[in-house]
Amino acid sequence: MRAAVTILAVAALASVPLWLRDPYLLNALITTGIFVIGAMSLNLLLGFTGQLSLGHIAFFGIGAYVSALTSLGFDVGLPGDVRLVHAPWPPIAGFLLAILVAGMCGYFVGLLSFRVRGAYFVIVTISFAEVVRLVALNWVELTQGPLALTNIPSIALPLPGLGELTLRTKMQNYYLVLVVALVAYLLIARLVHSHFGRAMRGLMENETLAVSVGIDVTRTLTVAAVISAAIAGAAGSLYAHYIRIIDPEVFAFINTVTMVIMVISGGKGSLAGPVVGGLIFGLLPVALRPVMAPEAQWIAYGGVLIAILFVLPRGIVPSLAQRFIRRRSGAPALASVALTETGAKEPA
Amino acid sequence: MERGVLEIRDMVCGYGGVTALRGISLDVKAGQLVALIGANGAGKSTTLRAISGLVPPRAGQMRFEGIDITGARPPRVLASGIAHCPEGRRVFPHMSVEENLDMGAYLRRGSGEIAADRDRIYAEFPRLAERRRQAAGTLSGGEQQMLAIGRALMSRPRLIMFDEPSLGLAPNIVERTFAIIRGIRDAGTTVLLVEQNAFAALEMCDHAYLLENGRIVLSGAGSELIENEHVRKAYLGG
Amino acid sequence: QTIKIGVNEPLTGAFAASGTYVVNGAKIAADEINAKGGILGKKIELVIEDNKSNPTEAAAVAEKLITSDKVPVLMGAWGSSLTLAVMPKLMEYETPMVVETSSSGKITTTGNPFIFRISPPSAVEAAAFKGIVDKLALKKVDFLVINNDWGRGTAEDFSKMMKDKGISIGLVETMDQGAQDMSAQLSKIKSSDSETVIVTTAVDQLTLIFKQAAALGLKKRIITTGGSQNPDQIIAQAGAAANGTMHLTTFLPWFPDKTPNPEATNYFITEWKKRGFEFAGCTESFRGYDGIRTAAAAIEKAGKAEPAAIKAALWDINIKGLNGDIVFRKSGPEGKESGQSQPNVYLIEINDGKVELKTL
Amino acid sequence: MTARSIAMTIEQVAVRFGGLVAISDMSFTVGEGEIVSLIGPNGAGKTTAFNVMTGFLTPSAGQVTYQGTTLTGLKPHQIADLGLIRTFQRTSVFPNDTVYDNLLIGLHRQGRVRLLDAILGLPGARASERRLRQRASELIEWVGLERRAHDAAGSLSYGEQRLVGVALALAAEPSMLLLDEPVSGMNASETHRFVELIRSVRDRGITILLVEHDMPMVMTVSDRIVVLNYGRIIAEGTPDVIRNDPAVIEAYLGHGAGRA
Amino acid sequence: MSEFLQHLVNMLVLGGTYALLGIGLTLIFGIMNVVNFTHGVLYTFGAYIMFIVVQQLGLNFFLALPVAVLAGWLLGAAIELTLLRPLRGSDIDTTMLVMIGAWIAMQSGTLWIWGGVAKSVATPFPEAPLVLGPVSVSWLRLFVLAAAAMLILVTYFLINKTSLGRAMRATFQDHDTASLMGVNVDMIYTSTFAIGSSLAAAAGALLGPVYVIFPQMGDLAAVKAFAIVILGGLGNITGAVIGGFILALAEELGAGYVSSGYRDAMGFVIIIAVLIFRPTGLFARAERVG
């Protein structure tokens, strides 16, 4: 049943470029798809370990810069009269390096998260993202700072024996994003349904109890952070090669907020949540654009967000699933557990 | 059934899809100590929560001193004279022992009398006096339980409900706590007591109710229940 | 039947105020043209889209304007990073764009033949300023610039020019776009040994800088660049703190007679006031006005509303803009040059709450 | 009994919180397979001692050794990996998961597979998953919560949650179990049943250190009792010795303890 | 040396500003546990009220301050009643997202009503600064510092010394038990949010005239406020004040002696460093396990 829905959804998404000819809409779908991948990676942290990263765009941006710089090449001076020169590599190498480097950054942030949790983790991630943004802005020799990296090449897939296929058209890029999104989805699904997923959930719900039964906090959270950051880095790389220009603005806080909106509105801790939330809030601006004044569009955007949460406070997917199940079985679903009835929930 | 200061009629109560109480009627007479016993999950705590307004009843009627308190919110129930010392201590973790006690007297006016009551509680539980400034969340389990009992006493109610007050207390402190409870009953305060230490509860109460699966299955004087075969087997370990 | 011109500007987000000014200027131009019967016998229609001050959106908006609205030419996208993000789309769909505000040198040097810029990059400004540095007897200058392409570019180009003139360069301080407290930077500048500070940023930060410099007792000469100063707004908001400050500007709405095209300037200013806009907005909005007139002139010259023809025609137009002749010269790598027009640059000074023109 | 090998040694442990001395100079041992009770007045330092033994607190002085390993500096999960598992005095469950899932989480130590195997869904990982499910069901049956297996643990009554806590500790496959007031919130009959449970656990060779205020239970189940007061050990011995120790009666049992 | 003195004086006035930003949020985020994304908008709102009262209505500057505080209180109460109360008991992330929605909508509303052009407010203070030897400081900022100190003291007293403050803390530590103590928790929720909001509006009203007033002015302020609150430890007013001064010091010295490009980075680096050494802020609450 579940699998059927998933396969249907994938088939529907795969068919889009076959009937949708409007490049503008396709473009919107591609950028939305890229952010959905970012949102899925955020969901791995927020929804499954309970750690809210409000600096998640840092990994995305790092992926974008690493990928762009790898494919453009650079020449920078380091302290001590050393020059670091890198000749351009194919973009696909950039894509892989982006995953690697972002994953490494995730490792460090994951180590930090061993020490700080909750609100404190939130601010550490914001700080991390700000520091990275300021480095991108001020290390002009490497990143061109605010002058932006331009002319980033499109991704080219090496085809054994046939040379390369450069992905220039919208349709090609659409399928590229779809494939990366699918891989990320499956990876996350496997992970959270495994033994690791349970360890993450245990830590999220009651850390003291979790460690007392032998769950290693650092390892579990680091694994989650590394995978999450690596996926975000992949998304960032796709972004850089698709938009083809990148400047420190990609680290803007609002981009993280967009991902957070996608995750929580869709339903954190549900695999399909960020996809559903992402498609809605990625495409909502496109739908609003023709019908109202620019300021009003934002007001409507905020209003829709609030309205969704009022009707479906646990996010679209979990709340609907709950209703659906209740209707089907006639029995009331698990009450959202009133934590307060059983042991005071302490403020974070 | 004779009417009491607290009368409950056919009360039904639950959480989400779960029905915890399936029609409960009980009467607590003025100045009496009434015990409520039952197995884990029988609905004892839910009964107390329903009376104090934490869980709104789905059906039924509650009157206290003749006034209808069905569906009243906790502050109104407290203002009408019923205090509830909840299960699981529930101290305010980031407030000091003294502040926790002061919260118990939140609705009272007159700082002199409040201070006197506080001193009386410190005298009953010297351990709390030693720890006036300690954050309640860092107290040991038993210390927290003493604090919770003391806090409930601070409101000077006409009816006080204790949910497992002896939980986690050392034997000598349990004795003292039961002595305090008998003492306030003797001073005229009505008491509704939920206890897992069923033997002690039945021994000191004036009247007792046995709750099973959200229903009252037995009631009578404490001594009667102690003698009851079913009670002995299921609750007194003998 | 109308001829469409796409307008890609920030109407919400950080640059909303400026983008809105530019759009209002653009509307005056469109109405003026239509009142005179339009071009090629058709009215022109502005298709205005908000790029939300966000590069990704700017690119998406360009895509929409070109593919859904089928505009043959665009104007945009205010900030350099916004414009840079749009540029690959121009290549993809081979549609020209008139760039009205962006100042990054990169825009015309990366080899995008669909770019036609009417605003001066900082190098042009620096060159214009070169003539008067002797008169101002500059010896050593500090810079305080916004930390983006515009500010950084200005600091670079002006330093280069001044070094050639034998003027020494002291501190180069930056501030984040959106920063409100520049006291730390100003305190540092206060204790340096230069006598002049060159400041580059948008009007809001300029106001703050003047106020904060006054509060710190900073007595150096301040010269601003970039032409988005809105001196009137500064006078209104910074008060006496603005006295004695000098500004490089590209438009002189205070002295219509001294502008290259007094008639057009007068018309524009009258119309601007008639529509109830604040006078202070003129120094930004005139670019929208000029930009649309440029695009319209090119369509007229091309004789048809098609991108390729308009692109070709843009090389041939010569119209009198509000701040000088708009004529595009080639810039950038051979074979795929962008167009760059050379506007006039003026130096003004604020004294006793009034704007004075310094003759260069 | 003296011939037993020693499972745990506590040597001169001291704990201070600011100016407050919670434990001073505490030393005792627990033999393999023994049931030892740690009792004492409220605030005597029993839970604190558990926190030291399980790595949640670093003592200001002294050390704890378990089966030859010094626990100093080990993190709680590493200590759990040695088979030293505790329960908590306050109810402690994973509130939003069902009782069944709680136990699956508790079975973490048995369920370890390599990350890659899990992600790729290799057969090893799947087989391990089946074993875990089997074991979880057994444990639920064992504590008698079958009826509640698919309810969120947070919606259980207080006493039921305490049972889940004990089941969770057993799920972690302890070689030594530290129980912090396991029967508080249970009535006499339920306590009886629990004593049987504990005995069966011990019969499987698991060492038990028990903190409990229920004297009848402590006296029946313990091989040996250690009494703490104000962070110091004031008595140590068999239940019969402790029951009649005047210092213990004075500080802890009270004079009504005859009922015990 | 004189430059250093000037930096110290700047730090003092900036720190006062930051402390003021921090305390309102410490109530709502630190005590109520609501990740309040509208804090910045309320700050902006306070500034616009100042603008309306002084510039558009032509009323007295000192009168405008209490008006802004009152307006902030009302708007805060309205937000609590309409947006937060219906979601009481939902998870913290859900309320956070609702606040994000409110932030986006309200900020765009501000843009719609007042436009993007920055506004400024005339003040009755002399433009010439107070000069003390090598350092100068504006009178307006001295006034802001004094007003901030007063608001901070009042808030501190309210939260830590009054029965209302005690009820607030109790409510957000365990609202069921607080209601058993007789606390009207609905009233506490609304008034805590309203008081926090009025402090945000007060900060905006005081700082609007110092800086300029525009729709996004609250964004940066809010990020800093979050950092300050967490640096000082959640819900700790003294901590928030000290956190504010530490952040100001880091920024001032960072810009003065490291590089102005990294001015804001300094603050964030300090935050990361502090949290590595004291993972629950400078003034952690005592906790225990078991």
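Worth pointing out:
First chain written, first letter: the chains are A, B, C, D and E, and each begins at residue 1.
The working rule: a contact is a pair of C-beta atoms (placed from the backbone, for glycine too) under 8 Å apart; a residue touches a chain by one contact, two chains touch by 3 or more.
Labels paired with UniProt names: A = Branched-chain amino acid ABC transporter permease; B = ABC transporter ATP-binding protein.
For clarity, every value in this text was computed on a predicted model and none was experimentally measured.
Minimum number of contact steps separating subunit D from subunit E: 1. Counting only chains that touch, the fewest steps needed to get from subunit C to subunit E is 1. When the interfaces B-D and B-E are ranked by C-beta pairs in contact, the top one is B-D.
Rounded to whole angstrom units, the spacing between the C-alpha centres of subunit B and subunit C is 75. With centres defined as mean CA coordinates, subunit D is found 73 Å away from subunit C.
One inter-chain figure worth recording: subunit A and subunit C are separated by 36 Å, centre to centre, where each centre is the mean of the chain's CA atoms.
Remark: subunit A and subunit B have CA centroids separated by 50 Å (rounded to whole angstrom).
Touching two or more other chains at once are residues 12, 147, 174 of subunit C. Listed for subunit E are residues 108, 111, 173-174, 176-177, 219, 235, 261, 264, 289-290, each touching two or more other chains.
Multi-chain contact residues of subunit B (touching two or more other chains) are listed as 15-16, 18, 54, 88, 90, 93-94, 137-138.
Across the interface of their complex, subunit D is touched by residues 187, 190-191, 194-196, 198-199, 201-202, 205-206, 208-217, 223, 334-335, 337-339, 341-343 of subunit A.
Contact residues on subunit C toward subunit E in their complex (touch as defined above): 12-20, 147, 173-176, 178-181, 183-185, 187-188, 190-191, 203-204, 207-208, 211, 214-217, 233, 236-241, 278, 280-281. By the touch criterion stated above, subunit C contacts subunit A in their complex at residues 11-12, 49-50, 52, 54-57, 59-60, 63-64, 67-68, 80-81, 84-85, 87-88, 104, 106, 110, 147-153, 174. Residues of subunit D that touch subunit B in their complex: 17, 20, 40-44, 46-48, 89-91, 148, 151, 155-160, 163, 181, 184-192, 213, 215, 251-254, 256-257, 260.
If you check the complex, the residues on subunit E that touch subunit B are 163, 166-167, 169-170, 173-174, 176-184, 235, 285-288.
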